[in-house]
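Chain lettering (A, B and C) follows the sequence in which the chains are written, and residue indices restart at 1 in each chain.
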Amino acid sequence: MTGDWEKLKRDPRFVWPAFIALALLLLALPFVADWALGRAWVRIAAFVLLYVMLALGLNIVVGYAGLLDLGYVAFFAVGAYFYALLASPHFGVHLPFWLLLPLGAAVACVFGVLLGAPTLRLRGDYLAIVTLGFGEIIRIFLVNLNAPVNITNGPQGVNLIDPIRLGDFSLAQAHAFLGISFPTVYNYYYLFLALTLFVIFVSMRLEHSRIGRAWVAIREDEVAAAAMGINTRNVKLLAFAMGASFGGVSGGLFAGFQGFVSPESFTIIESIMILCMVVLGGMGHIPGVILGVVLLVILPEALRYLGPLQQWLIGRVLADPADLRLLVFGLALILVMLLRPSGMWPSQVRRRELSATGNPARNGPTSVRDAGE
Amino acid sequence: MSRRPALGVILSFAFAFILAACGKEAPPPPAPKAEAPKPPPEITVKIGQASPLTGPQAHLGKDNDNGARLAIEEMNAKGLMIAGAKVKFELMSEDDQADPKTGTIVAQKMVDAKVAGVIGHLNSGTTIPASKIYNDAGIPQVSPSATNPKYTEQGYKGAFRVMANDVQQGKVLGEYAVKTGAKRIAIIDDRTAYGQGLADEFEKAAKAGGANVVGREFTSDKATDFRSILTSVKAKKPDLVFYGGMDGQAGPMAAQMKSLGIKARFLGGDGAQSAEFIKLAGPAAEGVIASSPGLPLDKMPGSKGFTEKFTSKYGPIQIYAPYAYDATMTLIEAMVKADSVVPAKYLPVLAKITRQGVTGPVAFDEKGDLRNSPITLYVVKEGKWDALETVGGEAAASAAAPAPAPDKK
Amino acid sequence: MDIFLQQLINGVVLGAIYALVALGYTMVYGILGLINFAHGEVVMIGALVALTVIQLLVGSGIALPGPAIAALGLLVAMPVCMALGYAIERVAYRPLRGAPRLAPLITAIGVSILLQNVAMIVWGRQYHSFPALLPATPHQIGGATLNDLQIFIVLLAAAVMAALLAIVHRTRLGRAMRATAQNPEVAGLMGVNINTVISITFVIGSALAAVAGVMISAYYGVAHYFMGFMLGLKAFTAAVLGGIGNIAGAMLGGLLLGVIESLGAGYIGPLTGGFLGSHYQDVFAFLVLILVLVFRPSGLLGERVAERS
């Protein structure tokens, strides 16, 4: 089946219609979701797009370069606070969106390098714990930098952040276009969609670039990569920087979308969830990562229907859906990983690397440790 | 609308229904429900409730959920008539996981489900971003527990709370500390929006009163070990330690203070004023003082039964159930008074409502905060919270207090 | 000086608690190279199971001395946790032994979420007070307070570490463990039943988790279904600091982390002239961790681990 898929992927008679159908589907999605499930689902769709950007950023670090990062949410936080502080009454500064977004990405980028620099020598789980620490450090500063000088407004968060505005076009108002009304959430959805497509494009180009190959080389064997003349230090730093900038962009979008940021949005659990999306979907494989995001963002929301479902199936609510929701979510994480250990939709290349042929060392129990280190 | 207390209204409605099928509600707005004179049509009105039902604050979230649930069950048992239709209230309770992002999704879900009003959210961090969505949809929101002053400062017409905000409560606590002779005060907070907000306001009031803040220490809302910060506190020799945070931390903190031999008095806010605190602090709870917005639950007419009713149904009250109950009752009473479940119609009534809730008088100021709400201080005596004194609230109390007397008779 | 001594005592006791949990992490990591994210939740289950037994005993009115009741609680919690640990390994980790390295990490997170929510349903969402069963008579040493329970916790952590070291270095089982850790395949060829060895490791680690859970709850007087998460993270940090996979390292890392946090909370304020305060204690701890790892990338005692992997 996978072989057919590979063939199909290169057949223009299939690719173009499929591409157009997908584009139409994505464009029509807010209308369909709103009509069929309610506007909350348009909002959920917008969050899916936001997380796709985040997950693709983490995918560069974890999926391509093989660096386990447990503090990725820090860059999301940096982007969000950068936007929030410079476009809200907090400092009375109201910079425009088109300036803040790239600047936010750049600032996150700097943080990425700051994190990357001291961790270059670390491998595997040691790197994981340092990145985790880094994520916590950023969060702790956000929580506490309200005194002696009030920078982040501490635990109270920053409120009344300017909605995203492109010129005179404010996303926070409903617009009518060709007789169709576009509520606020739709506007954000389309903006996020455009930026997500851009991020996907960048990711794809990176994957097949010289740098992308260097990342994969480091992931597979750092020593060998260095021996082949790859400057592992710079290439690793670049991975952190690129990943961080994606996080910064989505952070800025998040702040504008929500209108309020507070440190509780950037906990370690958030980092872990983003990592789960990347791994569950298929590390290093863009469609897989997207699938992982879709599943993990939608699943907890879909599980809210456990109550009505019970009502419909057995006539009454036996178990409180609030009790079951995350339980089922945890169970789903375990089951998916057990059934598809390399992710739901792993990349072909990676699958070949992990298959039984070739390197016997990767096949035995040792590979628990060997793979990726 | 005349200022009538809740119980009076409820009782009179109950009587009205029992005696004459639908006496008082008979003159409804002519347009929609005019065709229903004999068998009153039944309408279902959804009321939203949002709080964290999973995660570390789930016990508080469930408490809010239960408080709202109890109010709705009681109101349904009464068989209220609004605009000529028999109203069945339905609680739509959603888990916002105390996460601002999930909070907005839940808010949108509530709007989609066309709830008539929302009770929640529990945390300020979810309440504020969600309030934007409710405001856009014109749905009134009454938070039973969000204390961040910013929530009502956004200029949203439908944003209310039945809980004193940090400024109101911190001030009372600070003044109380100074009044009772505290000169050297140490302050600890849990770095949450609630704890930090309360501690900051407490500090302001205490300093304004002339007390010396000798130390400011910090912990987190997930911590269990406070020995190192308490050792620092001990070194400063305070005569009073104030903690801004929840009972899950305040309890062990009081116990560890005792084991470190700190003799200072321990003072907390409403987050610490719970039965849970006494259990967690053990013998160290004795003599601890904490505040709670409103009047003492067991000393108020009409709220005597609340504790028993609630406890027999859902187990012990955590903290905010009575406030969630009051928030729900207030919302429903506004609907009854306005004779409409349409948000735009009953919102003006809600804004002007004056009623006696189980936690105290409920009346909102122009922002949506409680107007002159009293705050009661409690002390732990023989393993139970004992009302010490009630501060403030004269205006609202005097406006509301005389009214129930004639009605009660 | 008495304040410094008190902070040191606070830190050592807190560190011993981290060490108790970190030992469980490091055991599993040493054999499998796997971060058992669910370990903190096993600690939590241990505490709550023991609490239930203790409440039953106290409620039944049988007059037993406090420590005996606590011991009985532990006696029930231990087999429950051992069974749980065995089941977790069997269901969530063993099928993934040949899978990419991050796959078991995700199932571990899944198990962690699952256990939290099961505990939430079984024991409810509220905080539980853990009765004060163990004697906590305070002693004064140079102006600082130290109670029996604190002394006991430190001694217990040390004893557990010593016992684990003895098992790993002095017994047949220990030799099998070390062989499995170095190279499971060769160990298998040499007649080591690696599945059994790994299962036993999990069972021992989980038994330790039960001990840790009961001690922590008794010490702080609290148990809650969410208690395992932060504890697990801290213990994991401690294990990495000491050199993950190394038993003595877990103890050292735990103690060090405890002391760093304690002194950090106590002295960041005075050292920075009040500019930063005790809210930066975790930042301080993580900075020390990062510094240690920059100079010793495999943790303090971690050389052997680095060689092995």
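One rule holds in what follows: contacts are C-beta pairs under 8 Å (C-beta built on N, C-alpha and C of every residue); 3 or more make two chains touch, one makes a residue touch a chain.
Worth saying up front: this structure is predicted, and the values here are computed from it rather than measured.
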{"item": "Chain pair that, of all pairs, has the most C-beta pairs in contact", "value": "A-C"}
{"item": "Longest centre-to-centre distance from chain A, chain (CA-based)", "value": "B"}
{"item": "Chain centre separation in whole Å, for chain B relative to chain A (CA means)", "value": "37"}
{"item": "Distance from the mean Cα position of chain C to that of chain B, given in whole angstrom", "value": "39"}
{"item": "Centroid spacing, where centroids are CA-atom means, of chain A and chain C in whole angstrom", "value": "32"}
{"item": "Contacts with 2+ other chains: residues of chain B", "value": "54, 62, 191, 218"}
{"item": "For chain C, residues contacting two or more additional chains", "value": "117, 120, 279"}
{"item": "Multi-partner residues of chain A (at least 2 other chains)", "value": "143-144, 323, 326"}
{"item": "Complex contact set, residues of chain C against chain A", "value": "29, 32-35, 91-92, 95-107, 109-118, 120-121, 183-185, 194, 233, 236-237, 240, 244, 275, 279-280, 282-283, 286-287, 289-290, 293-294, 297-299, 309"}
{"item": "Chain C partner contacts - residues on chain B that touch it in the complex", "value": "54-56, 58-59, 61-62, 191, 216-219, 222-225, 227-229, 231-232, 234-235, 247-248, 251-252, 255, 259-261, 276, 279-280, 282, 318"}
{"item": "Touch list for chain A against partner chain C, complex", "value": "62, 68, 118-119, 121-126, 128-130, 132-134, 136-137, 140-141, 143-144, 148, 268, 272, 275-276, 279-280, 283, 323-324, 326-327, 329-334, 337-338, 341-342, 354, 363-373"}
{"item": "Residues of chain A touching chain B in the complex", "value": "38-40, 43-44, 47, 143-144, 146, 154-157, 159-160, 184-185, 254, 258-262, 264-265, 301, 304, 320, 322-323, 325-326"}
{"item": "In the complex, chain C residues that touch chain B", "value": "3, 6-7, 10-11, 13-14, 17, 117, 120, 124-127, 129, 132, 136, 138, 145, 147, 216, 220-222, 224, 226-227, 229-230, 261-266, 269, 277-279, 281"}
